[in-house]
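What follows are several structures.
Two complexes come next, and they have one chain in common, subunit A, joined by subunit B in the first and subunit C in the second.
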Partner chain A sequence: MTRRNKITSLKNFPLFFSPAIFLIVFFVAFPVLQTVYLSFFSPTDEFVGLDNYFDVLSQKEVLNIEGFPKWPPLGALIHNLIWILIHLPLTMFSGLILAVILKDVKGSSIVKSAVFLGMVTPLIVGGIILRFTFERGVGVVNAFFNVLGFEQLARTWTAYPETALFALIFGSAWLWTGFSMIIYSAGLATIPKEYYEAAKIDGTSPFRTFFRITFPLLKPMTITVVTMTILWELKIFDIVFVATRGGPGWASNVLAYQMWLLAFRDLNFNSAAAVATFLTFLTLFVTVGMIRYMVRR
Partner chain B sequence: MATKTELGIAVLVLIGIIVSGSTLVLTLDLAGRVQRIEETVAPPPLTVIGPWSGAERDAFLPVLEAFTEETDIEVDYRIYRAEDLSPLLPAQFAARTAPGDVIFMWGWFIAEMGPKGHALDVTDLIDEADFTTGALDPVTVGDTIYGGAYTGKIKPGFWYRKSFFNDHGLTPPTTWAGFTALLEDIKDIDGIVNPIVSGDEVGWPLSDVTEHFIATYGGPQMHKDLTAGTVAWNSSQVKEDVFEDRLVPLLEAGYFSEPTEWTTAVDLWWAGDYGLYFMGSWITGMVDDPNDLGVFPLPGAEGFVFAADYFFISAYTEYPDEAKQLFEFLASAEGQEVQVGEGGHIATSLDVSLDAYPAVDKSVAEILVGKEVLLDLDDTIGGDFQEEFWTQLKLLWVSPGKLDDVLEALDAKAP
Partner chain C sequence: MKIRKTTVIIHIIAWSAALIWIVPFLGVLMAAIRPFPEIIHGWWDFAEFNPSFSNFVEAWSHPSAPLAQGMLNSLLVAIPSTLIPMFVASLAGYGFARFSFPIRDYIFLSVVLIMALPQQMIAVPIFQIMTNLGLIDNFIGLILVHSAWGLAWIILFMRNYFLRLPIEIEEAAKVDGASDFKIFYKIVMPMALPALASVAVLQFMWVWNDFFLALILISSPDKYLATQRIPYMRGVYHVDWGVLSAASILVMVVPVIIYVLLQKYYIRGMIGWTVKG
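The block that comes next holds the complex of A and B.
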């Protein structure tokens, strides 16, 4: 590119960027800033500093210190962390195992498509399916435990405080596993075959090959999967809304649903904005951390 | 440098854009003129938003048709449940718009939005004396009325299949001891999962049955006091009379099922998996044979909860005069007679005669005679208390031992 062409393209830079900038400013930046602004004011428009944040975090529905150790409920914040602790490894390793198993299998695209169906299923629909999956009398899970003779587990999982959150977590695994499976499948295709051939010549076991070659080389994919899955888990709302409405007794409440309750049931938009901002910072914390890690690598 | 051919194409494209644009503008302008001409001929169509779909929608449309016949004003009906409207309307109101002209919504929500200028003042359109006592209270703020009471649903008690009772030699109870004995008899019947099936939805099926216990064993006054927030949920009176002595022992004895999706529960109960189902009067429209239905209240009930459907005129309607006509029609005996005639509804207008009801609803309407009519507790209070009430009752149903925690949580959110 000549110097003159470079200058011309730089001159056009604002012109081509302006539509996108305009959309981002009005439809992303402004609402975000407005939400942050709202979170520092009372419903009567008085500046209250961080009071809304302290109020929200001191609510039992958000953080129930008394819930320890006789849980549930432990509060929406802790429930979100439990989601991450269980759902993240569950979906990540399920997707990885499926991707590895299906790597060189004929017709695997059919199986992959079936697994990926969960990703294209609207979460509201997923929530309804989940609810019936764990319902006594009609649920597949309940029927399974019934056959095995575990009657305690054949009851409606979403109705009991001890099992409601786990029903949501386990029941939603199929909705997200397709994501990690596809990312890992794409990653596996980039690993040179020579590595595996060399390992074979050296007589390395498949188990060792997986942990010494496959998994380390999938690190960029793992970071993507971990980041996206944590973000999905932090903003989870639809499934909870449809399947349990955060109950019973807030045993399956999560931050996004608490935000909805404050905004549209309590009509307290300022407190809801505080939860939204808090949630945004949590997701930013995860995203920025992961991006910095990737850049360093 | 552009060639002649490229310049020619560019000119043609430009001409094409100008011609297409001009055609579009002319078409839109013409359409606008036609619409304006039509508007001068026919009255504007109103949009009504209500919660009824399926068979319930089919039963509501004749009311709108009767209105159109009388006024020549077309009405478009759209379905939105109150739960779906609650996140939608505040945002729309903030933008000074609304998705409909006349909107059915929770009473507490109307009372909240009315004074903020989002609902029209209808005090002059409606006379409180024409309605059942207290029916307009949830939509009245001070001396101003912001909404109307349409028909409603009564929660009369426990429904049973007459054929099921006949087959097993059961009879409706008249005393508390008779009620518990009945539950024990049903429990012993082969194939019965639990004597009473508990409906599960957002939470209202459980709040309905709990309110019936409050109105019966705490009394109508306690129900009103809890609604007004003048008595504490964890007071010994409420705790003992309603929960510890009545409801909790039944839950602990396994007479109630665990919460089951409420429409699925109808099928299971009808199929004989359960003996009784506490539900509102709308159940008459949900079963194969309404003539096989019987209902009895808790023995000693002096008050019944009646949940009216409330509606209001959006302050942002373009057609306030026509909307007011529709408002008056829906609140009138004439409009409500059409609705109750379709079944499943009980009128709030005192001028609707019992003859307007189908037989099965007539028997339900008769239950109210001489009894105190109470407003739905959680619908009246609304807000975050309603969600708390629902979720805590779901907890109580499966963990009756947590009664103290439940009552404490309710008290914290009570008005």
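The block that comes next holds the complex of A and C.
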């Protein structure tokens, strides 16, 4: 931030900031604090400390340790973590590979638009499309596994607890890959051509060039992609709502959906607030990491 | 010869990726334009092919959740929810770019943190506030929340844009005696039109695509937004894929058209609000 930018004076502060402050205080900041407050109180408004958090984390919809190394349902929290473990590397690397490859492809804007279509699609529609794609008979995934001879996997994925969560994860990877592809494409455009020319003259192999030049120079983009993707994975809601409703038997439940169930089905605002606060704690943890990196830079 | 081979492989990978990404959309499109019995063994089975628009007509004027009304409602919400935060956030973003006051960086930091919040974090209190204000099940309530929710990233995006504008023009106007607001309105905003276009495209799309806030704030079926109507198209005893697919396509057509027409602004907005932080 350069210091020469102080052209306007403090006396106009209200003019420029009051509309924004009004909206943010009343409809974002106050509700956030109110949610934190609710999470520490019982429905009868008695202070209960962390009891709501312990209650929520001991529900098997949220954390199902008994079932552990087996299939889902393992609880919403674990499902969110599985989501991150599969979806983050999958979308990050497919986006990166696509961005690198498409640099040298004729008609790459058409390919990019096709991949990016998923980012523009409303997630509620994305959920419908991925459910259709995994449907037995009409869906293309099952036809694919039939051709390969894996009849076990040729069924309506969203209807079975063993596969429902994975159908949603792979489907959401298809929807989100456009994000990392676009960010990495923009990053690649900032790398000077001379670097590659020099590498070529030195006879460096394409793989070595990628790992020694391209990937390190893309580090800021990688930080952005990782942060934004984890935030997206933690906030996942629409897809689950429309494709499986968290089922079958809680096998595809996630924290955001569990919060909605507690608040607007059970009308248990305090437990719902505890889930929301816990979820926000996770997202802030990720964001603070990014901010610290950017400040150091 | 070696270079040619890699070029071929790269092209094959690229175009198969395009194919993989487009196939799920094709499936839903086929389900929408063909009678369901025809596609029961896969939509790629073209033994019989009788396309029609009957599913689109049915979704548009569905007995329990007509999409025509839903699309209109979505527009009524999305347009003000785009314009209000655009203007309010431009004012604040300009303030952040041009004022200097001691706590600025902390306020700015909190704006960034707001961007990380899940909507679930405001859901319960917003529901209670809107009930108390009599704005539950009312578009005004939803517009206010969308406006406030969009502010954080628009402030950040506009502030970054304003920082790169040449300050000399503003200084000259100041010397001529123009007020701060006049400078903002007459000089800065016209220069910011490309950034405002990016903001409009992204914010409109997010509001149009939003489901959660509408779900908790809008409860009477005639006021349902477009995205809210999709889950109600599923049919009672079995999934009615024909109508459901047609409705899905109609709802996604709006953001897709905007993307195709205004791609440049969309991509710039997308990159601006993430990469440059």
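The criterion applied here is as follows: the second predicted complex is superposed on the first by the 284 of 297 C-alpha atoms of A that agree within 3 Å, B and C clash if a C-alpha of one lies under 4 Å from a C-alpha of the other, contacts with A are read in each partner's own complex, and residues count from 1 in each chain.
Assume a contact is a pair of C-beta atoms (placed from the backbone, for glycine too) under 8 Å apart; a residue touches a chain by one contact, two chains touch by 3 or more.
These figures come from a predicted structure and were not determined experimentally.
Asker: With the two structures overlaid on subunit A, would subunit B and subunit C clash, or do they fit side by side?
Answerer: Verdict on subunit A: clash between subunit B and subunit C.
Asker: What is the contact status of A:Val138 with respect to subunit B (first) and subunit C (second): first, second, both, or neither?
Answerer: both
Asker: Applying the document's definition of touch, where does A:Leu279 land relative to subunit B and subunit C: first, second, both, or neither?
Answerer: Once the two structures are laid over each other on A, A:Leu279 reaches subunit C alone.
Asker: Could you say whether A:Arg265 touches subunit B, subunit C, both of them, or neither, answering first, second, both or neither?
Answerer: After superposition on chain A, A:Arg265 lies in contact with subunit B alone.
Asker: By the touch definition at the top of the document, which applies to A:Gly187: first (subunit B), second (subunit C), both, or neither?
Answerer: Once the two structures are laid over each other on A, A:Gly187 reaches subunit C alone.
Asker: Among the partners subunit B and subunit C, which is in contact with a greater number of residues of subunit A?
Answerer: C
Asker: Taking the superposition on A as described, I'd like to know which of subunit B and subunit C A:Leu85 touches: first, second, both or neither.
Answerer: neither
Asker: Answer with first, second, both or neither: which of subunit B and subunit C does A:Val105 touch in the superposed model?
Answerer: second
Asker: Have a look at where A:Ala251 lands relative to subunit B and subunit C in the superposition and call it first, second, both or neither.
Answerer: A:Ala251 contacts subunit B only, not subunit C.
Asker: Contacts for A:Ile65 in the overlay, against subunit B (first) and subunit C (second): which applies, first, second, both or neither?
Answerer: It touches nothing on subunit B or subunit C.
Asker: Applying the stated clash rule to the superposed structures, which of 6-14, 24-32, 78-86 or 186-194 from subunit B runs into subunit C?
Answerer: The stretch that clashes with subunit C is 78-86.
Asker: If I apply the document's touch criterion, which positions on subunit A are contacted by subunit B in one structure and by subunit C in the other?
Answerer: Overlap of subunit B and subunit C footprints on subunit A: residues 132, 135, 137-138, 260, 263-264, 269.
Asker: Could you list, by residue number, the parts of subunit B that touch subunit A in their complex?
Answerer: 86-87, 90, 112, 200, 202-203, 258-261, 264, 268, 273, 383-384, 386-387, 390-392, 394-395, 397-399, 402, 405-406, 409
Asker: Within the complex, which stretch of subunit C touches subunit A?
Answerer: It comes out as residues 6-7, 10-11, 13-15, 17-18, 20-25, 27-28, 31, 39-44, 85, 88-89, 91-92, 94-95, 97-101, 109, 112-129, 144-145, 147-149, 151-152, 155, 163, 167, 170-171, 174, 180-181, 184, 205, 208-209, 211-212, 215-216, 227, 230-231, 241, 244-245, 248, 251-252, 255-256, 258-260, 263, 266-267, 270-271, 274-275, 277.
Asker: What residues of subunit A sit close enough to touch subunit C in their complex?
Answerer: Checking each residue of subunit A against subunit C gives 1, 3-10, 12-13, 15-17, 19-21, 23-24, 26-28, 30-32, 34-35, 38, 98, 101-102, 104-106, 108, 110-111, 113-118, 120-125, 128-130, 132-133, 135, 137-140, 143, 174, 177, 179, 182-183, 186-187, 206, 220-221, 224, 228, 231, 234-235, 237-238, 241-242, 255-256, 259-260, 263-264, 269, 272-273, 275-277, 279-280, 283-284, 286-287, 291, 294.
Asker: Please give the residue numbers of subunit A that touch subunit B in the complex, ascending.
Answerer: 131-132, 135-138, 155-156, 159-161, 245-251, 260-267, 269
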